[in-house]
Structure formats: structure tokens, C-alpha cells
Amino acid sequence: MTQENTPDDTTALLVDGLTVIGRPSDVEIISGVSITVRRGEILGLVGESGSGKTTLGLSLLAHCKRATEISGGRVEVAGADLATLSEQGVRALRGRAVAYIPQSPASALNPALRLRTQLREALHDSSLSAGEVSERVREVLREVALPDDDAFLARYPHQLSGGQQQRVAIAMAFIGRPDVIVLDEPTTGLDVTTQAHVLDTIRRMTRDYGTAGVYISHDMAVVAGLADEIAVMYQGELVERGRTEEVMAAPGHEYTRRLLRAVPLLRTDHRPEESAPEEEPLLRVRGLSAGYGRTTVLEDIDVSVSRGECVALLGESGSGKTTLSRSVVGLHHQFSGEMLFDGARLATGSYRRTAEQRRRVQYVFQNPYEALNPRKRVRDQILGPYRHLVGRPQDPDAVVAEALERAALSASYANRFPEQLSGGERQRVCIARAVATKPDLLVCDEITSALDVSVQAEIVALLRNLQDAGMALLFVTHNIALVSNIADRVAVLNKGRIVEYGPVGEVMSAPEHEYTRALIADTPDFAPQGA
Amino acid sequence: MTRLIVVRLLFGALTLWAVSLVVFAATQALPGDAAQLILGRDATPERLAVLREQLNLGEPVAVQYMQWLQGIVQGDLGTSFSNRRPVAEYLASPVQSSLTLMGLSALVATPVALAVGAFSALRRDRAFDHTSSMGTLIVASIPEFVVGILLILLLGPGGLDLFPSVYARQGGPDQWILPVLTLSLAVAPPIVRMMRATMIEVLESEYVQQARLKGMSERLVLWRHAAPNAIGPVAQVVALQLAWLAGGVVAIEYLFNFPGVGKVLMDAIANRDVPLIQAVVLLIAGIYILVNLVADVIGLAANPKVRVANR
Amino acid sequence: MSTPSTPTAEAVAAPPRRRPGLFRTAWRFGRTKVGVVLTALVVLVAVVGPFVAPYTPTEFVAKPFETGVDGVLFGGDNRGRDVLTRFLWGGWTLLVLAGAAAGIGVAAGTVVGIVAGYQGGWLDNALMRVNDVLLAFPQLIAALLVMSIIGPQVWLIVAVIAVSHLPRVARVIREATRKVIEQDYVKAAEAIGLPRTRIMAVEILPNVTSPLLVELGLRLTYSIGVVAVLGFLGMGLQPPTADWGLMINENRQGMAVQPWAVALPVTAIAVLTIGANLITDGLSRAAIGIDRGVEK
């Protein structure tokens, strides 16, 4: 917090001691936050969910969510103090001096209006003629690399892909050549390649327009690659602020250090080869095809997992990786090909497999908020599968305690309901439920993606312990950095096919397929020296 | 979208056919002697014979149904037992009266309900909202005939004596007031609540927030961004409520002695006039299905995803 | 806004408190309390009424529609029977019939809804198509149709109303079920091969109780209305039974001279339905709050 707060003529945004409170409880959602951003630069505003970063972002547009209000401090956009503006003044400012790019364009674009209407109205400048407005709309569409023809402008939002929707949102924000632009996690839900393109566009546009950007994100890796300056928020307060290189090199606050440590690094160094897979792997998938109805989503898949090995399935959304993992556990029925577990064939549906097979292959789901029955205590969540697959335990408490312990939770959690657990704790309970039956293979479907970064790291450490204890893992993810850290071997899935398959070290250091190369190149560079 | 609508239409026709089966089964294809069952124990042998003849009870059930259905399709609804007139002809005037009553009620209820609902949403959690929410909740709870009786007790001859409580052929136009008011009160509450809920949902949506953050004026936000997204669900509820009216009129017409299809149905039931019962029930179900169909189509048309998908 | 989750693996203090249950949350709304009081009032009249009635429901104590007779508080009805006595006797039949109809209808609708929603496929299609046909009848018309031919009988009243509830309840519960089965805990149960009947009973049913209770309240309110209107139309319980709906029918001609015979049952029905609906509203508000309560 040693940064001086003196504005100069290049300052586009100045926030001084801003405090926002919630009504009616008077709880401070953000307290005394001060930031400045210069023209053409981007400030990365980092924090976990609930840290108040979105509230701060919205207050830069003089907008407060329901039941919140600004109780102190000052926001100046391009020299204009927001507090002194009338309602009309605020309206004139929005879109022109300060613009907003929302987290999910799918819900922020009006589903009932054509793109043309939504883009044109964003440029509310009465001095322009209709023709000039059209010209500007086309120009900005070209700048974000979207088609600018009439057919495209006549589309509705639902007719665009996620990446296109986000580009439209960016175009809509830049159309009025704003002084300040607030970006609220604009790449959430986009795959790495699309994310890289969108980030690129944002970087270029802020520089070309001389716009000051405030980029809100929970992802340290993205911010490190994009922002000139970083501000870290924790529980409503700004705990660290400085030039990106400095913060990365020498984080001053303990929380920042934790955030940095938690980010998985993309390891492209070549590691010594682990011992060659044994003769008969635990799980062998050969020539597998799977689909829904008449659409095929997976074709000709060959993968195997040996005992005690971690194999990663790496792919972006729509690559078919979840379908593959669900086929393994018997939740996706429509597949053909060979699937052998410990030498025996696995039937297509879980109900047609033996109890022993179901016991030995367990699954952990992506979203821990949906994977636990809200009406059951932790104890019953764990004992239910155990009773069904293993039998009535002699000492149920011991079974629960042991399972919880393997998931690094104390036995006192047994009597809680899911609602009394945090996201990370829920995922641990899910893991406890899966390991209670002592499986040989644990299938993990994006199990860290719904969690905050610092929690992700803990879960990954937990998985590594399980693997050390002899469990085989099939780890499904879109996060290439995570793969480079946890897996022994990796299968890269693209459009339903495995394009590259081999030991992680080899694949990362010398990717053979161009898709893998692109993935590695598009992953944000992140190299904290001091962490 | 045309294809979707055609599918719905076909399905509506199918439902109507299924309804005809149920009506037929419930009235004619009963176990035992339907004629005896219909006319009761003390029916004369002659009347029983006439009825058996008219209902083709001598034939197998399937043939009876086919003949009955054929008649309906050709517009021949049979002949009323009680007054020996063709049912279709007999029903013409009551149908007209009932439709007028329903139409008037819809005309009164819909705009008022929409306005109250929208205003409640804009004044969310203020006095007006609380009052209207409580009011609609209370009115929606009470069975409509009870609402009617309460209105009669309050405004009718026994109370303030403002309006007549019974419909008479020579009566003035003010005898329409209480029936229309009763039906309007019965129809309005769900519309109010839906309008309010939809408006709130739309106003709190991210795209409305985004429109505000783009610097749109409140008027533009309301009319350009919010309204088009609210039309669909609200129009559907309005249509559903109008469909409800088709069944709801029965008790109200009986209460006010109003000469519509509901009254005809009750008289027909009292006289065990089977062809008339069949015709009225089919008619009401038909209107009900038709209006529901309209609601469906409106819902489809208001959704750009559907509208654009199947050009 | 929730505070960021901190690692609690070792630091296990007292667990956060559970959210209060549906009933407790509902009870916090003033309207729920009012609803309970109103409902209890009418139920009390209906249950205790027969024991404190001054006369028997069928004895003649006055001239038809006569008021102001000594010892006959609310006067005589259309045949000169004591209005107060008939009012006190006329409630429990309504409550029992409406309660039975709502209970049976909701139970059956829940089973159909969960099975259709969970099993999906042709079974879901078949059940929902039958549902659509049943829905094509306005509730009252279906009841009248059957009553008019078979004749008004008590079991039939219950059956007809229950059947008319079934498709409506099934539709709501099916939607709720479909939301639940998208959740991964149902898939987790499938992955370990838990029998489908057990999944429906253990994983799904407990998680649709909120809409279920709301439906029960709603259907109870409707049942009261339908039983009453059937009585009012002369298609419900038959004379000389004392029944609120029937009382209104019998005495409505004399409403101008003897309003009590109509006003008492009408008020009771109105208060009862308002009470039941207020409770239902409280429950549904609580249910929305609970369903939303999962913070992400």
C-alpha cells in the first residue's frame, strides 16, 4: 500500500476511500478502497467470490445492487465526480465515459432484441446521424473480429456462440469510446483458446482507445498476463496494490502469497520418465465410441490407467471428456468398444455391472453444491454407498471417521448437513464418500473448477496423497497447468478424438499435435518469482 | 415455428377427441342399462324405450360411439329430452349470453390486473405492493360463488341495494354488474401476481442491469428491454384465466340465474337431459382447450428462440 | 454475500447453524400466523360445533325464514330449522371431504409426478398425455359430469375431486423432480447402482417436499371450494344433511329477509379458504427462500 494516490493528467479513474454498505444490516461490503488507473493501462482486480470486487466494479458506474449503497469515499471518472452527478448526468456518463462488460454475456444481452438494436443504442450520442451510428457499429464489430454485415446484425443473441457473445459485449462497451471500462470476469466459461483471443482483443482495444481498464477476476494467472497493475481484494478490503511485476516478484500480503501459491504452474520442463506401465493396466479402453442419439461425441478412444497411476483427460468444453468419464463409471450408456477393468468387461450401464465393479470404480462430480443430497447428514452420505456396495458395517462410526480422515476432514463433520459446509468441505465429503468403499480407481470430473483457487490447491494436494496411497486416478480437466502438475500421463481430447497421448513430461515439453501446442501457447503465462 | 403450431393444433384436436371419449363413457357407456340409470327407478317403460332408441343402446358400444361422434362432427348434437328441440338450436342463445358475460369480464379484469401488477412491481415492497399482494391473495382464496354471495349480501337488495342480484329477462343493463364483477374478481388475482412476478424478474435480470449500465433512460429500459421479455408469460396466464372462465361461469350463472350455458347445464342435470349435458360439457371443454392452445401459441411466438429457429 | 471459504480442515469450531426448516421459516411470516389462527377458528367451529349446538339439525324451531324468535339466535332456515345448529353441524363434512380429496389427490399426483419425472421416456410421455386429457376438463365441470349421471355420493365426491387434482399435482411434482434429478447426487446414487425405487424414495422425495407441501395447501384450498360449490349447486351432500354448501343453496332464495342462513356458512368458507391460502403462501415463500439458499 505504498502507492501514491496523486492523480495526473493521464489518470482516467480515481477511487478514493470508497465504502459500500449493505442495507439494512450496515455491513461494509467494501471498506475504504482507493485505486487509480491511467489511460491505456489495465488494473487487475483480484479476489475470491465474496471479496467485494464486483460491488466495487459496479460502483464505478454509479450503480449499486439492490439493498446496497455507497456510504463514503469518492469516484472520479475522467475528472467527473460521480457523487455530484444528477441521474441524467450519470446516464450520459454511462456508455460514454465508463462502460461495463459483464461476466456472462449470455444473460446480459437482451434475448428479445436483435444485435443491431442493442449495439446502436449503446452509442447514445444525439449528435450523430443514423448513418454515422451504423458506420460506427460496423467499425467496432470489425475491431473485435466479428462480421459486420446486415445478416449478422439481424441476429438474436442466442444465435451466437459464447465467444461471439462476449465479443459483442466488448464491442458494445467500446462503441462509445469510453475513458474507463470495467470488465467483470469476462472470460468465465470460455475455453482457453477463445479466452486468449478475447484477452488479446481487450488488451489491444484499451491500448488503441487509450481507455483505462479495470479487469475483475479470481484468476491470478489471467491477470498476471494482462494487467499493468494488480490490486488484491480480501473480505472487502484492498490488501495489496502495485505494478504487476512487483506484486508477482514480492507479494507484500500473506493473502496474495496464498493466492500465488495456489495457482498451478504450467510445467513444460521434461521430467524423467516414470516406470513403464505394467502388463495389464487396471482400466483399459480400446476403440470406444460414444454419443447421444445419432450424434457421435467420441470416436476411437484408446486410454488406459495403471494401478496407482494418474491419467489426465484434457479437453475443452464439448471435447467429450465428461462423456468418456461417465462411460467409465456407467452413467453414460450409449457407447461401444472395449472397456476392461482388471481384465473383466465393464457393462454399459452401472446397473448391469457387478457390485464389486461398482465398488472399485468411484466417481467424484464437478459441482460439490449439487453432488450431496441436502437432506442427508454427512454420515449418511458416506454410509449409504458403503451399505449398498460393501454391506452393513460392524462399526459405522469407524467407517465414517476413516473416510473423512482420508479426505482430510475431522470426524466431527459426520453430523453436519451439506448446507453447513463450505464449497471445499463439500468436495472433501464427496471424496470421502467415494473413497469410503476403498475403490481402486477414482474418476474425478473437473472436481476443482467450481472452487476458489486457494481451495483448488488443497483438493489437488489431497488427490496426490490418495494416489500415493495406491489409488489410480482418471483426472478430467480443461486446465492444462493442473495436468502438468498432477498427472503421470495425459490424453488430449479435441472434438471427440484423442489427438495426443503420452507421459505428461513429453507432451508438455514437446507437444506433437498442433492443438496441444495451441493450448500450451494460449494458457496465460504465469511466473511468480517470489512465491 | 409453423410446424410447432401445427403440432399443437393436432394435439389439441387429439385431446378434444379424448375428451369426447370420456364424456361418452361417463354418460352412455355405463355398466348396466344406461337408460334406466339416466331416468332413474320410477321411469315409465315407454320413456325408457324412447331413450334406448335415441341413444342407439341396442347397438354395440363402439357403434353407439361412432354414431354419436359422427353426429357431433356434422353439427347434430342430438335432441334435448326435456323440450324436444335440437340441442344445437337450443344452445345458440345461451352460448351467446355466456360469451358476452365472459368477454365483458375479461375486458374489465385484464387491463386492471395488468396495471395493478406492473405498478406493484415498480413499487416493490412499498405500501401499494403489500396491499395489492394481500388483496389478491384473499380474493384468490375465496371460491368464486362465495365472492358472488358476499357481493350480493353487500351490494344486493339485502344490503346497500345498489344492483339487482338476480337476472331477469326484462331487467336493465345494471343486472350485468354483479355477475361481471364477480367473474372479474375471480379472474384477476393470478394475472396480477404473474404480472408482478414477471416484471420483477425481468427488471432484476442482467440484461436490464446491462441496459441501465449502458446509460439507457428508465423509459427505454422499461419499454424496449423489459416489456418484450415479459409479454410471453403474462399473455399465457391471461389466456389460461380466460380458459378458466369457461368452467367458472357455471356456478356464477346458477347463482345469478343468468341464462347462459352454465344455467343450461344445471337445468339439464336436474332433468337428466343427457344429449344436452353431453353437448354443454363438450362445448366448455372445447373452449377450454382452444383458449389453452392460444396461450401455448402466444408463448411460442413471444420467444425469439422459437420464432427464429424454424423459419 | 458470503465470506470467502477458509480452510477448516484442522480448525473445527462449532459448525455453522443449520437453516431453520420449512415450517419454522414459514412461521416467521406474519401472514402464516394469521392463516393458522383463521383456519384453527373454523376447524374449531366445525369440530366442536355438533357438541354445543342448541338443537338437533333436523328439528323445526321456527317458521321458514323467520327471525327474531326467542332462543333461536339466528332464526330459522328455509324449512324452519335452527340456522345456528345447522351451521355448527355443517362444517365437519366439508372438512373431512376436502381433506380426504386433497390428501388422496396429492399423494397420487406425487407418485405419478416422481415416476414420470424420473423414469422419463415413453412412460413419462404416456403419463403426461393422459394428464393433458384430464387437464382439458375444467375441475368443476368434470365433477358435475360424473355426479350428474352416477348421482351425488360421498365417495364419488372425494374420488372426482382427487382425480381432478392428480394431473395438476403431478405436473408440479414432475417439474420439481426433473430439477432434482439433474443434480449430481442422484447420478451418484445411480453410479453405485442403488435401485431406482430407492432413489425415488430416498434421494428424490425428500427433496421435493417443499413444492409438495405447497401443493397440499393449494389443493386443500381448492378442495374446500369445490366441495362447497358442489353443495351449493345441489350436487354434493343431499338433504337433510347439514352442510355449509347445501345450506347456501337451500337458503339463497330468502337471502334478502333471512341473510344469516347464507351469511354464516359463506363467512366460514371464506375465512377457512383465506386461512388455508395464507398458510400455503407462507409455505411457498419459505420454500422459495430455502431453494434459493444454496450459496455458490
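In this document, chain identifiers A, B and C correspond to the written order of the chains, with residue numbering beginning at 1 in each.
Just so we're on the same page, contacts are C-beta pairs under 8 Å (C-beta built on N, C-alpha and C of every residue); 3 or more make two chains touch, one makes a residue touch a chain.
Computed from a predicted structure; not experimentally measured.
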Which of A-B and A-C has more C-beta contact pairs: A-C
Chain whose mean Cα position lies farthest from chain C: A
Whole-Å gap between the CA centroids of chain B and chain C: 22
Centroid distance [mean C-alpha coordinates] between chain C and chain A, Å: 46
Where chain A and chain B are represented by their mean Cα positions, the distance between them in whole Å: 50
Touching residues (chain side chain C, partner chain B) in the complex: 31, 132-133, 136-141, 144-150, 221, 224-226, 228-229, 232-235, 248, 252, 255-257, 259, 262-263, 266, 269-270, 273-274, 276-278, 281
Of all residues in chain A, those that touch chain C in their complex: 22, 29, 48-52, 234-235, 329-331, 350-351, 353, 355, 358-359, 362-363, 365-367, 369-376, 384-385, 388-389, 408-410, 412-413, 415-417, 419-420, 422-425, 428, 430, 433, 450, 452, 454-455, 458
Chain C residues touching chain A - in the complex, by the definition given at the top: 1-10, 12, 15-19, 182-185, 187-194, 202-203, 206-207, 293-294, 296
Interfacial residue positions of chain B with respect to chain C in the complex: 11, 15-16, 18-19, 22-23, 26-27, 30, 37-38, 134, 137-138, 140-143, 145-146, 149-150, 152-153, 156-158, 165, 243-244, 246-248, 250-251, 254-255, 265-266, 268-270, 272, 274, 277, 281, 284-285, 288-289, 292
Partner chain A, residues of chain B touching it in the complex: 204-217, 220, 224-225, 228-229, 304-305, 308
